[in-house]
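Consider the two complexes below, in which chain A is the common component and chain B and chain C are the respective partners.
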Partner chain A sequence: MKTIKLDKNPLKLVKDVLNDLKASPDLGIYKCVQCGMCASICPGASQTEYDPRDMIRRVLENDETIIDDETIWDCFSCYTCNSICPSGNNASEVNQILRQMSIEKGEGAQKIKDFCAYGDSFMEMGIGSIPNEFFNVMVKDVGNKYMDLKVNIEDIRTDLGLGNYILPKESTDEIEAILDNSGFKVRLEKIKRCKK
Partner chain B sequence: MKTIPDKDILLFKSCLVNVEYPGVESSACYIFDKVGVEYYVDKRQSCCTGLGHYYDLFDQLSTTALAARNFHIAAKTNHKNIVTLCATCYAILKKTVKILNYNEDARNKVNTILDESGLPEMEYTQDDMDPSKNIFHIAEILFNKRDEISKYITVDLSEFKIATHHACHYCKVHYNDTIEGVREPNLMDGIVNAMGIDTIGWYDHKRVTCGAGFRQRFTNKEISLAVTSEKLEVLEDKNVEILLHMCPNCQMQFDRYQPYIEKKLGKKFNIFHLNITQYIALAMGADPYSVLGIQTHTVPIEPLLKRLKQKYDLKEDNRLKTLKSV
Partner chain C sequence: MSKAQLNKNKSNLKIGVFLCRCGGNISDIIDMEKLRLSVKAEVIEEFENLCSINGRKIIRDNIIKKNLDRVVVAACSPITHEKTFQNYVSPLNPYLLEMANIREQCSWVNPDNITATEKAISIVNAAIEKVKYSQPLVPILRKTPNTAAVIGGGISGISASLSLARQGIETYLIEKEPTIGGSMVKVGKLFSPEKLAEECAMCLLNPLVNEAVQNKNINIITNTTLKSAERRAGNFNLLIENKARKVITDRCISCGNCAEVCPVEVKDSWNEGMTIRKAIYKPFSQAVPDVYTIDPENCKKCGKCQDVCRMDAIDLTMEDEIIPMTVGSVVIATGHKTFDMNKRPEYSYGRHKDILTQMELARVMGVNGPTKGELLKPSDGKVPQRVVMIQCVGSRDEKPGGRKYCSKVCCMVAIKHANVIKQHYPDTDVIIGYTDMRTPGMYEKYFKYAQSNEVRLIRGRPGEIEEKDGIFIVRLEDTLSKEPLEIETDLVVLSTAMEPSEGTVDVSNILDVGLTEELFVKEKHSKIKPVATEVEGIYVCGTAQGPKDITDSIVQANAASAKVSELINGGVELEPFVANIDNSKCNLCKKCIDVCKYKAAFIQDNMLSVDPVACVGCGACLWECENNAIEIIGQTDEQILSMITGMLKDKKPDETRIIAFLDSVGYVSADNIGINKINVPSSIRIIKIPSMNRIMPKHLLHAFNMGADGIIMGEYPYNPMYSKTKEKVNGLKQELIKNNINPDRLAFYKVYIPYFRGLANKFNKFNNQIIELGKIGSKIDS
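Here is the complex of A and B:
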């Protein structure tokens, strides 16, 4: 027998999603008809257990366990779902908002901890860069020529008539100040401190 | 049909173009100079945070505040038409303009951040930028100039079988602003056709993502490369020889990983990867090393050049030899 649970605030999760800064004003989550078009073309769904249609259903049903569901981390942020949805919904955007909720709660922070070096490099140079561990894997996969390229990039750029890509000190100071006042610096430190 | 500018352009530097395929930028400049597109590059411009944004590392407010700083640079230098070399920047910048225009609360927060950072002159006023009229992807500019471009073609590239990979973050994020097709993208095909060359047009998987998936390439390599392999296999079945790109991230996924995937699958894909800017510059007679920057590619472009009537001084096995090696 099915038990009916009365929820005091049955639309809390969907409202939180819609109120997020990331949510486009025309995000059509309420209009979702559960047609499954998104899931049918989703690379995340074809390769993993992740299912964008089901993710949307759970948000609409106020099932907050979706925030801690590992599968949301298997989305490719390719927006194919967005381009195909007949109802003007955007599963990609909803996914990104759920991930932010997960990061806020703490669990999600572990998922992105390894990417922190990108943030450090951004504050230092005004440009992000591939974190070392990942870069080393790339060198292994792509070959030593990839390393040679990185070592010689300045000279190659000079040959191409391009200038220095690292921002002037004045600009990196501005960027650091902005990221300090926007709360990003604190956010980054918090993510670094989270336990795996 | 949206109006596409050919002047007052801030050519937006891309972090991945900078260090992976810098030849994309030099090729863009080469084409712009030939066909008379007025542009400017500013060394103060920061990266859009794109990759960090989709690693979920950056929060939307920080990304938006940094965008406001870049918009200020564009406006102050009278180059308000931002043209990106990367599809992710295109989508990120468009989104931040939209937020700054419709969300008063976010705009106030961003302005407070700028004030607190001692940069009150950078404050954003509603509608300073227009998401549809000020933010473009370079492929749109090239499409708009396709007839002009066709007049400068000196190198015959017609013998190759060509397919296009339209970046998702151009086509599918702000799809109302996408020109030449969303579900059946033909923007780059249109440019190539205007140069008097056929592409294979539609193919299964034409609109499928490259598989990079931002974090997936690093944290879930197998599934990321499975998506990439599928697309390569479809292209191989069609005997495609050149895959054209419009985003350094997709180009990386295919070019850097093609040999790795070949080894895994025990088969050979004879597919060259070129950015649309590199392809056009090559057709216009540009030097493969000092303009196209093919020395930074993983799948060598020299075998392609050897098949051309045009003769080049190829540096095949010592592409980086004159330089340091580690």
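Here is the complex of A and C:
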């Protein structure tokens, strides 16, 4: 049986979410009436076990197990829940804050390990690019057009009158210094070290 | 006696001071002998209990024998016995009496004889100084003419008119449509929690409409809107515009030949646009007045109707008419409209014929509707296999264009229609998708009744409706089983929000009546004045004031008519302490009109006037008036300044004195401190002022010049002018700085009647703070 214990801080989780840097000042978690309108149109909810309404309920009920719940990784960040919510809440945003909490705890890091290559790309070239690890997936999803694009990128850019996208070394050095000093690099390494 | 004469003689006025021992309540603490010797007056008398019949004799005998001009009674709080002593000073005018509160605000809060006596002396002195400037006054008697205008001819307006008329009040019932009846004529069936049945709306409404037609006190004016309004003390001058009906009411026998030949076809709003009518039409068969009307927007003036009319009732040259009228009161009953579905495209309304609103479903199921009461889908005329109703469409919705409130009736409306469907079409499945079923009170029985009729309820708010191969898919989450759900259906009904009608907004603007954030008519006080508006003499009822059902609308309509009747029959006797205008100084700048949240000031015949019923004498307008054309009777500058003088004139050099200006709430709170025998610093001297808005820099500067070491201002925060007061305190502090007075010597507090302990604490704290600051004029001030 579930017990609502005499807890000094029964709203800890919702307060942590609301106090998160990423939380919008008008994030309306408290106003949720559990109507399920978000879940009714959520593509994640229709295909997986993810339920944005239930996620909000668990946050409001201080159920910290939601942070480690696998289902929160099934959100597509399409923000339809936010656009439709009649109570001014934003399940997508709450989801992202919970994921960040999970990453901080360590559990969530493995979920984003594959994306570290994006970070590497920023460190090396100063711009984001689709990592090589995803090349095969992209070819499968987009088709041969993707391969053509990759191979002929220089010519295509020239045809379009676009300049060189490779940044000069002093720029990439500067960007790397910023990413280093801001703690991005350490964070990236930490995520890379986590075990799958 | 004019004010000038009074002031000229003020030094020669014969003042009688009567001191009450209050059976020891006052005399056990206060040294009565010293008090008597310290006060200067023509007569000084002391008695055991002045409020007794013997006290009355002492006061009256002295007034007559010694020819007294003014009386001061030093006794309990004026709240306890002012009315008593006002009677006792007869034959003197009751307003020539001033009370000095030396019990609640002196002997009961100061246990020390010496300081209590000193305080009593200053309280009596303040009363003596003030009474010198008092004028003989008479209470204001409001006379309201025995006429009323009711704007809006729905169930609320009809009910209000009937109640007014039955009380003998001449009533104009003004309706913008060609017929009265409003929304109630369209809904077909009414929900009824007691009988667990759906009743015929028309059968209940018709007798009321007939009575309204027959009642000699009711003038039904249809096809008419309010154009302008002007308020004059106790009267409203209205201009109404009567749109030309182009049919002579007295001649038309409602045969309908005209409509048969009319070539113009337009959507019929009576059937929510689901059927067509002609440009000459009668909205429905029981319409009142029972005549045809030409819709000028669509009429092509072909004259065919004139050709067939045997009564010669049609006059295409008839023109709109502006009619002036004067009434004593106005009742706003302008009703509501339903939510504009264009704002919620996710429900595909308007794109598919078989997605209806509840009002459209009401027409479909109405026996006088497009299908003669049969539940048939508009698309193919077949009975639906399933009906899915979606609740809270546009209600409880914080998205742009949405309504944040609950529309209050939609749960019952959905249940009503679901019940009717299940009774006549048991094979049609009915599902209501809801967020919360709100069926308060007896309606819970009605809800249970629907469940027993096999109406199904799924908890979840649908996010979208999709059409697939001729059927609708309603997507929602079954929030109880935590499952996203797709419901297939062939008819969808949307329970749309109730919104204020355009008429509600227009009429309120014309009448200068305040609206809520949602644009419903705002009541004067949502708890204790639920049908009064901000403007005296204008009342509101029905859905113009907020979403509600027919029962509540009728209750409110009757309440509004009772309020109108109170004004007419009771007359209202009011204290005359209101703003008085010196029109020779007024330049009609209208700043006072803008600042007054009580809407008491208005311009009449190029002269500024004040409605004494609306004015509370707060004094906010005095600040705005550059020409000093306004004074508050009973709180003139002379009176306020003289009270301050009286409170401070005998201050000793080593003494600390603090003037506390309190509004009427603060004053009662201060009395409560006394009643509960809580000690208050002896420095505190309380002066009652109707509102802190009255306090101006000159009053504060006078007090500091006379030796006050600190000043407190206390105001109840839930009065309409409070925000103005707060602004002003900052301005006052700036004035103090300009005059080299430390602004910390002025404190502003919120006061409440039950929080007297808090007020006593504040007195103590401020007293300590002032002692720390030192005496007025010390170094810290310059």
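One rule holds in what follows: the second predicted complex is superposed on the first by the 186 of 196 C-alpha atoms of A that agree within 3 Å, B and C clash if a C-alpha of one lies under 4 Å from a C-alpha of the other, contacts with A are read in each partner's own complex, and residues count from 1 in each chain.
Here is the rule we go by: a residue touches a chain if its C-beta (ideal position, glycine included) is under 8 Å from a C-beta of that chain, and two chains touch if they have at least 3 such contacts.
If you're wondering where the values come from, they're calculated on a predicted model, not measured in any experiment.
Contacts of A:184 after superposition: chain B is touched, whereas chain C is not reached. Once the two complexes are laid over each other on the shared chain, residue contacts for A:36 go to chain C alone; chain B is not touched.
When the two complexes are overlaid on their common chain A, residue A:84 makes contact with chain B and with chain C alike. Using the contact criterion defined above for the overlaid structures, shared-chain residue A:132 touches neither chain B nor chain C, since it reaches no partner. In the superposed model, more residues of chain A are touched by B than by the other of chain B and chain C.
Shared contact residues on chain A (touching chain B in one structure, chain C in the other): 46, 84. Those residues of chain A that touch chain C in the complex are listed here as 28, 31, 33-42, 45-46, 51, 53-54, 84-88. Those residues of chain A that touch chain B in the complex are listed here as 20-22, 24-25, 43-44, 46-48, 73-80, 82-84, 96, 99-100, 103, 108, 111-112, 114-116, 118-119, 122, 126-130, 134, 137-138, 141-153, 155-157, 159-165, 167-168, 170-171, 174-175, 177-184, 187-188, 191.
Touching chain A in their complex are the following residues of chain B: 13, 15, 18-19, 22-23, 25-26, 29, 41, 43-47, 49, 51-52, 54-62, 64-66, 69, 91, 95, 98-99, 102-103, 106, 112-114, 116-119, 168-169, 171-173, 175, 182-183, 207-209, 211-216, 218-221, 223-224, 226-227, 256-257, 259-260, 289-291, 293, 295-296, 298, 320, 323-326. Of all residues in chain C, only 346, 392, 396-399, 402, 435-436, 459-464, 475-479, 482, 484-485 touch chain A in the complex they form.
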